[in-house]
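Given below, in the form of structure tokens, are the structures.
Across the two complexes that follow, chain A remains constant while its partner is chain B and subsequently chain C.
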Partner chain A sequence: MRNILKKYWLVVLTGLCVGAAAVFLTAEGNPANMGFCIACFIRDITGAVGFHGAGVVQYVRPEIIGLVLGAFIISVIRREWKPTGGSSPMTRFLLGMIVMIGALIFLGCPLRMVIRIGGGDLNAIVGLLGFVVGILIGVVPLKLGFTLKRAYKQSKVEGLIFPALMVILFVVSILAPALFKSSVEGPGSQHANVYIALVVALIVGALCQQSRLCMAGGVRDAVMFKDFKLIAGFIAIIVAVLVGNLIVKGSLAFSFEGQPIAHTDGVFNFLGMALVGWGSVLLGGCPLRQLILAGEGNTDSAITICGFVAGAAVAHNFGLASSGAGIGTGPVLIVVIASLVILALVSVFNIAKGEK
Partner chain B sequence: MIDARGLSCPQPVLLVQRFVKANKPELVEVVVDHEAAVQNITRYANSQGYCVDKAADGDDTKLTLRK
Partner chain C sequence: MDYIATFYTHLSAMRTHKELKKRGADARLAPVPRKLSSSCGTCVFYTADAPMLECMDSDYEAVYGAQGENYTRLSYKE
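This part shows the complex of A and B:
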């Protein structure tokens, strides 16, 4: 019993806090069933700096900044901050783009998928099926010896650049908000108070760093090692969001139709999250985990986040991102197929020779 | 000695799992460079009946798994 408590308490506490934070931030003004979506919020920052022109999703989200800096601060305190890098950065950039495009076809990262499930959105269950299938596909190359090669120790300056960029982004957005685009309608216009959002994200970032919470890792470890630690955090988020929504709204409506910032195209909900699941397994962690790792000094994760930003820009500039009205007007199916082919090629060509 | 430094999750624990399954060893030594790998390998080793000793090795961590 003591061992079980020792193994699970921190990750379950983190999951409960993440879920509670999502409900709280939504009550404070963030978009419904979103609260804390990594893909959506990186996309909003991408828009705020003018990398895409979708006027309804542009805002410098302090949640992203807070998550990275929360992980940075706690890892420095706990002596876990370690600048590393050099593990196939260009491949990671490409995988980051694909993961982001998949997430914006579904309308959410794995974290928002879980938050949407807790909010009664049944489309997210379809997304979850795709996510699990994507992970199961990604596990196969891992078992065959897939690797993006080793990362090596880097200079402190190299590891500090990404957290420093987050600090600069935050300070400039406070001192000179007019420099950034900011939505006046749509999801980008809905946000909690900047400082409340930052503080919540700092706490959640620190908890995620210490508990190693990862949405993709949860399913992966359960399948590969019968290790249920991370998936316990995943389930704790759903429970916290369900209970939180019940407290805040008084009731929950489970449905496919009429859910906030969601569409009902099951095929693309499934395929979008399959891209996210497969890509995340190859990257070694979900988008949330990449932010945390970047805070810990992992520059490969920082490059992956640059890939997320590029993916968000591509998704909106080429009509691939979905909206509440349905999937994008661009060549969504072609891009999904091309992305699946790229994931297959990356999987096959990175299996180390002599491994089994 | 298994060198799992610099590898993304879950490759460090996969290397250990592969070695344990192939050789059924009484003793395994692994060197890793991040805490997530330390925890993953420790949980896997415990589930397979190994006790795990942890020792700092410069910037890295050396894990000794014993039956």
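This part shows the complex of A and C:
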């Protein structure tokens, strides 16, 4: 029993804190079932700097900045900050784009998927099925010898650039908010107080760095190693969100229809999250984990986040992103199929020689 | 004696795991213990009479001797 406690306490505590933070931030003004969403919030920042023109989703989200800097600060204190990089950066950029497009078709990263489940949104269960199937597909090339090659030690400057960009973004957004686009209606207009959001995210970022919480890693480790540590964090988030919503709202309505910032197209909810699951396994972590690793000095993860930004811009500029009204008006199906083909090609062509 | 080998890639862990098993060591793949790394890579736990460094794939990072949860680094490759 002591061993189980010792193994699980930190990741479960982190999951509970992430879930509680999500409910808290929604009560403070963030959109419903979106207290935390890495994909949505990176997309909002992408809009705030004018990379896409969807007026309802533009805002400099301090949560993203706080997660990266929370991980950065704790890793420096614990002497775990280590600038590394050089592991197939262009492939990672491309995978990042696909993961983001998939997430915006579903309307949420794996973290928001879990938060939506805790909020009673049954569409997110369909998303979860797609996510798990995507991960199971991605595990196959991993077992066959898939590799994006090793990362190498980098200079301190290289590792510092991404956290520094986050600091600059935050400071400029406070000193000169007029430089950024900011939604006056829609999800982008709904947000908690900047400083409250930043502090919550700093704490969550530090906890995630210490516990290595990862949505994709949870399923992957359970399947590949029968190791259930990370998935315990995943479940803890759902429990915390369920209980938190019950406390705040007094009741929970489980349904497909009428859920906040969600659509009911099951096929695309499934396919969107399948792209996210498959892409995340190839990348070695979900979007939340990429933010944390980037804070720790991992420049491959920083490049992946640049891919997320590009993916968000593409998703909104080409009508691929869904909304509460349904899937986008652009060539969504074609892009989903093309993305699946790209993931298959990346999977096959990166299986090391002699392993096939 | 128990040992843990850590790696720069998952593939490298798989290759070493295979090699160790071929040479008769009792080996298994697992996530790297948090105490050893903040990254989320794959490691190999193995039991053998010696660290068997000759089995390590070229992308291995370090080999530790393990006594419970106390680890002593025996070898490191940057």
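Here is the rule we use: the second predicted complex is superposed on the first by the 355 of 356 C-alpha atoms of A that agree within 3 Å, B and C clash if a C-alpha of one lies under 4 Å from a C-alpha of the other, contacts with A are read in each partner's own complex, and residues count from 1 in each chain.
In the analysis below, a residue touches a chain if its C-beta (ideal position, glycine included) is under 8 Å from a C-beta of that chain, and two chains touch if they have at least 3 such contacts.
Values in this document were obtained by computation on a predicted structure and should not be read as measured data.
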Room on chain A for both chain B and chain C (clash or fit): clash
Touched partner set for A:91, first chain B, second chain C, both or neither: neither
Touching partner for A:283 - first (chain B), second (chain C), both, neither: first
Chain B versus chain C as contact partner of A:269, first or second or both or neither: neither
First (chain B), second (chain C), both or neither touched by A:46: neither
Overlap of chain C and chain B interfaces on chain A (superposed complexes): 80, 142-143, 147-148, 150-151, 153, 212, 214, 217, 221, 224-225, 227, 229, 284-285, 296
Chain B-facing residues of chain A, complex: 7, 80, 82, 84, 86-87, 142-143, 147-148, 150-153, 212, 214, 217, 220-221, 224-227, 229, 283-285, 296, 300, 356
Parts of chain B lying in touch with chain A, wherever the complex brings them together: 5-11, 13-14, 17-18, 33-36, 39-40, 43-44, 47, 59
Chain C residues touching chain A - in the complex, by the definition given at the top: 8-12, 14, 29-31, 34, 38-40, 42, 59, 78
Residues of chain A touching chain C in the complex: 10, 75, 78, 80, 142-143, 145-151, 153, 209-212, 214, 217, 221, 224-225, 227, 229-230, 284-285, 289, 293, 296, 298, 352, 355
